[in-house]
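Down below are the structures I want you to see.
What follows is subunit A paired twice: with subunit B in the first complex and subunit C in the second.
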Partner chain A sequence: MRLYEHEAKQVLARHRVALPQRTVATTADEAASAAAEIGGRVIIKSQVLTGGRMKAGGVRFAESADEAREAAEAILGLEINGQQPMGVLVEQASPVAQEYYAAVTWDASAKRPVVIFSDMGGIDIEEVAEQHPEHLSRTHISNLRPFSDFEAKLAVSKVGVTGGGLGRLSRIVAALTRVFLEYDLTLAEINPIGRLEDGSFLALDSHMDMEEEARGAHAALLRDLGVADEDTRQARPPTEFEIAGAQVDAADTRGVAGRVVEFDGDLGLIIGAGGGSLTLFDAVRSAGGRPANYCEIGGNPSVAKAAGLAKLVMSKPGVEKIAVMMNVVSNTRVDIMARGVIKGVIEAGYDPAEAITIFRIPGSWEEEGVKILDRYGVEWVDRSVSMHEAAQRAVAKMQEA
Partner chain B sequence: MAMFIRVDIDESVQQDADLRGRLAEVCPVDIFTIEGEGDSARVETVEANLDECTLCDLCIDVAGDAVQVVKLYEA
Partner chain C sequence: MSVLIDADSTFIVQGITGREAVTMTRELLDYGSKVVGGVTPGRKGREVHGVPVEDTVRAFTEREQIDGAIVAVPPAFATDAILEAIEAGVKLIVVVTERIPRAEVARAVEYAAQEGARIIGPNCLGLIAPGKSKMGGIGGAADATRRAFQPGVIGVMSRSGGMTTEISNALSEAGLGVSTAISIGGDAIIGSTYAELMPLFEADEQTQGIAIYSEPGGPMEAQLAEHIAEHGSRLPVVAFMAGRFMDEMPGMRFGHAGTIVEGRADTTADKIARLEAAGIAVAERIEEIPVLLRERLDANGSGA
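What follows is the complex of A and B.
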């Protein structure tokens, strides 16, 4: 779940990161009052859970309260990437001498958090990594050892920052890293950190994403920030397909057939088990396939639930085939899954033998499941075929068709 | 309509009120239900739940040969 910029800044303030004077306004008049109170030049920023605000016209400067009112009025009515702003952040505009970038995120390959720092902030960090790699450092930190401020200093010094700036920037990066670790974030970013003409540093913009499953653990923080339980805080509103997927999951307490995310491909996916969903989704993409959806199925869902998900996926326009693939299952039963997906496919009006490109769910009750698959002519493979190979076969069938 | 499992209940079960009740109670996926009351009470199967059968055999443990779980996909 994503936090708004003003919320991310509240979190930073708790960790004593210096920030510009600022106020959240939900009307143009409030923005004008805030600008008058702050005084001087202010920046008015749309509060949306998406990037590209500057390009879309969601960030404007104002020299007076009247200009702030005008800018806020325009921004409050401006939809950015399909999102209406919840308000605007009115912030003191700071005369910046240099901009820096700092972020902490997970490195999935290294399976550890990584601190990313650059002395070229304010622009796309991907562009810096590609064109100016010497201006970007990556410093992995431990999952086990307590974080040390020295590691933040290392990250900053790697790009050549020395002197007083090194100490001040290290404190900001250390605070950002502690925020990342303390609140189970998947991304904590300050871009840019501005060095002002007087040599002080301010966090000028911030972006934070919290692990969805961590919401309960950080209920107190979210309550303080004013995040309601029903507020999903996703980067975009759920599609009808995704809402229908959530309804399938909610209709039956047995097992899980959830986290349905819609994509624009043509191969429907019924995937899951022990991290299998992400692995299999990536495997399909690596093989050149175009997934129509992502989902996570497991925990021995009922036949009705598996059928509901399969029927939903097969009912998506442009989808005529699905791949049913899971990691080796223990508590999820292969026969129940086989019954469910076959039932769903038939109810959607398709022949399982044609529509199911591959069925790869090895594990408990596999023998019974195979009887069902054979009865309906569905191609299945056992655990001797890897998840990647199964995905390749599914994609090959799509390409043949 | 059930696609995978059919459950046949012998008529003798309908004469035994205790057995009817235990069948309805024992099934983890509610395949059996009691319809009617008193002398007209009967145990029937719930069509929508038939394919949810987990082949646990609890109904067979209770009723013996008087209940048959037929796997339609083996036919």
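What follows is the complex of A and C.
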């Protein structure tokens, strides 16, 4: 879950990292008065949950309140990578002598957090890693021993920083590392850290991602930042269909009918489980089908949950047929899935024999499931038909129709 | 032989009195796994399907050899349960629990490495040496498990529990069968990756080839490609890559916790290129896996 820049900066401020004077504005007038209050040259930055703001024109400088108003007006109306900004950050602009980069993230190979530091900040860090490896350090942290300040010092000193800058930069990197560890972040980045003419350092931009699973543990922080529980912070906001899907899942604790994602095709999908859904979605597309949705069903859902999901998908405008497919299942009961999807399809006002293009869920209670499917005239296949063949069969039926 | 477990492996179930753990224990016993005990604090003296329950892991390890532990406790208690098993001297810990925070998993994995123990998972279905033993919910009921996992020559490693079964089933139907199948878990940080498990399969006489299931996100496929490029392998490896549609949808999470495209290295296109460069065949469909493996086994002159 990504935090906005202004939120990430609030987190840094709590840990006493020095930041430019700044205000969040949601209108051009607010931005103008913020600029007047700060005085002098300001920078206006789009608050979106995506990179590439500078390139897209989402960052501008202003010398006066009027210029700030004008810049904010333009930025507030500018969509970046499909995202509308939640506001702009108006910040005091300071002349910078040198820029640095600091980040803490997980190294999944080493299975440890890694502190990345560079004295070439402000530019693409992957480029620095490739072209100037001597300007970039990687320092792994123990998961067992508590973090200690010397590790931040090591990270900074490895690229050759010494003198007064070493202590000041190390304090920022240590604070960033503690923020990463304390709030279960998967990325804590300051890029750039600016060294001003007077030798002081400021965090000029920051990017933080929190682990989805850790939201509950950091409810207090998220409340302070004003992040609402329903704010998913996905790459795009959820659609009504997706919100309804989440409600189907939440209505009953048994089993999972999760990650309902809307697509604009005509074939509804009741698919599972995790890896099976990824496989089947690809299979439908490679067969030439156009999925109306993605979902992950599994963990032995109740009849009500399977029915709720089937009904929701069948109720989507433009959807008249669904495919019900899973990998060979271990703990999901085939008969319950059969009963559930048939119920949902009927409740949505369709004939299961017509609407269900294919049913492919091999596993326990399969014989009982097959009896139910036969009674309603639904075409089913067993494990001798592969996931890809089943998907092809469903797509062929769409094309026949 | 098989990998990590065999017919004589003894193990305990931590959190054995939980609803799903009770069912899993029944299935394990039916399959012939040697479940010799269970741990639930405060439930000492009870039995689950005839398996004695104790308050602590040490209660078992102090009186008998325990080869492995299955951790099936809620996420809030899972790390503590893993640490308890490692501290008590258990060397193989299969963690089925989902939604354990990454830092906690990393802490447990580092402690395991320090103590010479191995973690499989978390967020996995466990592992199975067909016809011998299984640890975890893999395969479900004993008869369903016997059907999908027949003894044979292919080692299976998968980030998806369900797809471990699907692929093993395809290998069984094709007559190749499975030496050991390991559901390695779907999280971003896991106890044992493909590359870390490869040497075990290399050393196993029964195993003649490897099938892996992979997804977008994380460096695990790159790590495997690098491992094979560097060390070579006597085993032909065939991979299946799911979630190709995710390459077009950066920032969206699908499937497992570790399945997200954030950078170029997370995409299936990049992973496929790396795997192929290391000589690993990438199947387009599940049913191609046994075909590609058989071609390579024949070329190797293996008797399978």
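Convention: the second predicted complex is superposed on the first by the 238 of 401 C-alpha atoms of A that agree within 3 Å, B and C clash if a C-alpha of one lies under 4 Å from a C-alpha of the other, contacts with A are read in each partner's own complex, and residues count from 1 in each chain.
Operating definition for what follows: a residue touches a chain if its C-beta (ideal position, glycine included) is under 8 Å from a C-beta of that chain, and two chains touch if they have at least 3 such contacts.
Everything numeric here is computed off the predicted structure, so don't read it as measured data.
With both structures placed on the common chain, the touch criterion links A:Asn327 to subunit C but leaves subunit B unconnected.
Within the superposed three-chain model, A:Arg339 lies in touch with subunit B and out of touch with subunit C [touch as defined at top]. By the touch criterion stated above, A:Ser302 is placed in contact with subunit B alone, subunit C being left untouched. In the superposition on chain A, contact is made by A:Arg375 with subunit B only, not with subunit C. Between subunit B and subunit C, it is C that contacts the larger number of residues in subunit A. Shared-chain residue A:Arg16: touches no atom of subunit B or subunit C. According to the touch criterion, subunit A has no shared surface contacted by subunit B in one complex and subunit C in the other.
Within the complex formed with subunit A, the subunit C residues making contact are 23, 75, 99-103, 106-107, 109-111, 114, 125, 137-141, 144-145, 148, 158-163, 165-166, 169-170, 173, 186, 188-189, 193, 213, 215, 218-220, 223, 240, 242-246, 249-259, 263, 284-287.
Touching subunit C in their complex are the following residues of subunit A: 50, 106, 108-109, 111-113, 126, 142-144, 181, 184, 186, 211-214, 217, 234-236, 259, 261, 272-279, 281-283, 285-286, 294, 296, 298, 326-331, 362-364, 383-384, 386-389. On the subunit B side of its complex with subunit A, the touching residues are 3-4, 29, 48, 51-52, 54-55, 71, 73-74. Contact residues on subunit A toward subunit B in their complex (touch as defined above): 302-304, 333, 335-336, 339, 342-343, 346, 368, 371-372, 375-376.
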